[in-house]
Amino acid sequence: MATASKAWAVVAGVGPGTGAAVARKFGSQYPIALLARSAENYEPFVKEINDAGGKAIGISTDVSDSTSIKNAFQKIESEFGSEGCAAAVFNASGRFFRKSILDLTEEEFVAGFNVSTKGAFLFTQAALPHLLKTASSSNNPHPPTIIYTGATASVKSNALMSSFSTGKYALRALAQSTAREFAPKGVHVAHAIIDGVIDIPRTKEWLKDQPPEAKISAEGIADAYWNLHTQPKTTFTNEIDIRPMLEKW
Amino acid sequence: MATASKAWAVVAGVGPGTGAAVARKFGSQYPIALLARSAENYEPFVKEINDAGGKAIGISTDVSDSTSIKNAFQKIESEFGSEGCAAAVFNASGRFFRKSILDLTEEEFVAGFNVSTKGAFLFTQAALPHLLKTASSSNNPHPPTIIYTGATASVKSNALMSSFSTGKYALRALAQSTAREFAPKGVHVAHAIIDGVIDIPRTKEWLKDQPPEAKISAEGIADAYWNLHTQPKTTFTNEIDIRPMLEKW
Amino acid sequence: MATASKAWAVVAGVGPGTGAAVARKFGSQYPIALLARSAENYEPFVKEINDAGGKAIGISTDVSDSTSIKNAFQKIESEFGSEGCAAAVFNASGRFFRKSILDLTEEEFVAGFNVSTKGAFLFTQAALPHLLKTASSSNNPHPPTIIYTGATASVKSNALMSSFSTGKYALRALAQSTAREFAPKGVHVAHAIIDGVIDIPRTKEWLKDQPPEAKISAEGIADAYWNLHTQPKTTFTNEIDIRPMLEKW
Amino acid sequence: MATASKAWAVVAGVGPGTGAAVARKFGSQYPIALLARSAENYEPFVKEINDAGGKAIGISTDVSDSTSIKNAFQKIESEFGSEGCAAAVFNASGRFFRKSILDLTEEEFVAGFNVSTKGAFLFTQAALPHLLKTASSSNNPHPPTIIYTGATASVKSNALMSSFSTGKYALRALAQSTAREFAPKGVHVAHAIIDGVIDIPRTKEWLKDQPPEAKISAEGIADAYWNLHTQPKTTFTNEIDIRPMLEKW
């Protein structure tokens, strides 16, 4: 593997699916840290990347906990050095509750925000100093990038979806505010509206009667994120949507 | 005063401005409960409404605290009876921090969501059984209504505004999800994007070099909310924007 | 009838439904001109308003033809005088073609724009001098208002709907540009997204298995338009949506 | 040059800037037709692509004229064969009039729609049979793609901009309707919101006091379009925004 620079990448919310695909893609170019609550979620992908000649570490992290996030970034720097962060991808979502407003507990309602938004805020705050360091260095082929994974629920809030959609709407607000504040400092901030079912082991039984083009490929998302990352300072995309060919929208 | 029905109204987030104007407007037609954290915020308006022949009570309430909200609605029912709620207006917003993502504490960041969104959720959950009771009764001239006060930051998330805008984006998601779930049950849910400076004592010195049409009148907002409330089941408006004649947008 | 002022109103696109209801509502307060391509569309409502003690005229007008529009406004002024226009409502839409992109003729494709957008532009250009006259006079209880009737297709462009949706998207652009240019001059510009089936003779057989709350009442729309018109300069609503209680959205 | 397939590409609206950059990018992979009203707009780029070993032709075309568009596609097929169209980019915009609603002539007002929207419709209708042919063939590495160039005015309609913004809003409606109709048939339809000043000879004197990151690079746009084109059927992006690092939005 030819590491494109000494700056590193980090992905929060790794599991089979988008997180793993993004880790693989960015891990083929940068030393990369894989964050997930439980080690079993990242371990196979850490091993896979290292076996392929890359340099990956996994860190058990609760993104909704500021201390856990701080510790994770300290660990990354101690492992990968202080060249700064080339790319940070926030891919975590809170547990999903499909429930009436009348039936949600307070804890369930805030679960979406706590992970999708507060977690993204803590991750952003921890990543930004490292992204700004990369922005001011001339060693990096691409502007440092932070990408947030959104969903259909980032722009449409259906019945029974309030716990999830409030967190995703708020995440979009965070992404836009961060973009407006840090683009002039050279950090590329992007938000992706993933609109559809991602083709992962957990969704294997979904849409079974449909052709493969009814689901989103996680590799396709990772490629799109990489294309965002490689945009120059003159051409920043701040929002994309992604859906499979057969999605109704 | 001729009380139009025995159903009552409730306004959360009362202070000089929108809350007081809404209380006055709806209090001229319904028994009304005024909620605010501190009694000094609602007392003058409770007195004013009662002096004018209406029927108002004030209840010190922390909308971000579920017990406080539950107590408030129990008190309302014990005072005004169990005819149900004709109109519930959520007008509270978290304390405002104009700060960089890098400088916000975790507590400051979540303050917007805690009041604007979690508070609105708790308020909605507590108000809905009373709104549904009114919906199924034939005593009421207008469909029961819940209205949320949003802001420019509900649809645009500027730099340094993330604490406020994340709460307001998420509030809009809550409003849309609630509307989609409860409109078929006869509850009218509306979200208002208040885009501009409201003309209240606190903003007296703002835009001083401009004519009065540079600020929004709180009475105008209250009239708009009343017009939303009086819409029939065949004609629900779920979102309006409101700005003064001289606002740039 | 108590005419609220000598300024007059005008409605383009009159037929059974929104146009007639708006004519009735505004015609109870202002002398009013009803425009439609064919006289049979406005005649019953002209008669009805005059019989009720109002003052109405009908003018056969092709809104997509600039000469026809100019003649209409000259006729209005010669009939109602030069006090200016209190309210102008543009309610016309092009003929509807539900067709594939591949099957639309050029003529069919542009039909939406020609009526919904070019017609609205010609109507706006003709109405504005009369609206500005009213804005600068102190005789009028309400700021002069121009309201455009949009549709679901103003914000969502479905398959087979391109002829209709391109005209409605463009109408929304026209409304926003007009609002931004003329609000500072005292003209209230509003756009209404009518999302659902309006309950009119033509749609009698639609949604027959559903309760009445599955359709929008034209009177409800007219009331909403009147409420927009009576907003003061400090509190302009530039966009509302309107749907029946049972609409899926 | 290694031509990736025998299918060809076409770009409408070629001139120094986005059109030329897109022609260069797609012309390095596909035989390509460059359409512009006047030959001087495409000739230098046709020559450049052919000199670089590519295969390019230029066709003088008025996109707002259906016969002109039909002739262009017949010419393309007779030159490049009937393997179908791999990529079609619509980059034309009407002449720009920054004028009050009151001052625009009817001709000026419709100029935006006639090119940006009707032109796009005619182009789409002519390109689709060729795109569908490619979609059903197994010779092509990427799903056939049609991309429309939008602008800030596609989603924000400022004062004095109505001629331009009505055309661009309507173009966005056309893109969405086309995407929803033809994605299930394997055609990737994308709309790009270009938000900012593109760095071309004509804008050389604009933003002169600012660093290069204040303008969008046309090459960056072309790369983004290429990245859209190479997305697989499982991962279609239907809308992106593009702005330079220093753009205020």
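Each chain carries a letter (A, B, C and D) given by its place in the written order, and its residues are counted from 1.
Definition applied: a residue touches a chain if its C-beta (ideal position, glycine included) is under 8 Å from a C-beta of that chain, and two chains touch if they have at least 3 such contacts.
Bear in mind that the values here come from a model prediction, so they are computed numbers and not experimental data.
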For this session: In contact with chain C and with chain D at once: which chains are those? Just list them.
Result: none
Exercise. Which is it for copies chain A and chain D: same residues on both faces, with over half shared, or different residues?
Worked result: same
For this session: Would you mind pulling out the distance in Å between where the CA atoms of chain B average out and where those of chain D do?
Result: 46
Exercise. If you average the CA atoms of chain B and of chain C, how far apart do the two points sit, in angstrom?
Worked result: 31
Exercise. If you average the Cα atoms of chain A and of chain B to get two centres, how far apart are those centres in Å?
Worked result: 35
Problem set entry | Shared-contact residues (touching 2 or more other chains) in chain C | 180
For this session: Mind listing the chain C positions that touch chain B in their complex?
Result: 143, 180, 183-184, 186, 188, 199, 212-213, 215-217, 220-221, 223-224, 227, 231-249
Problem set entry | Of all residues in chain A, those that touch chain B in their complex | 66, 100-102, 104, 106, 109-110, 113, 117-118, 121-122, 124-125, 128-129, 153, 156-162, 165-178, 180-182
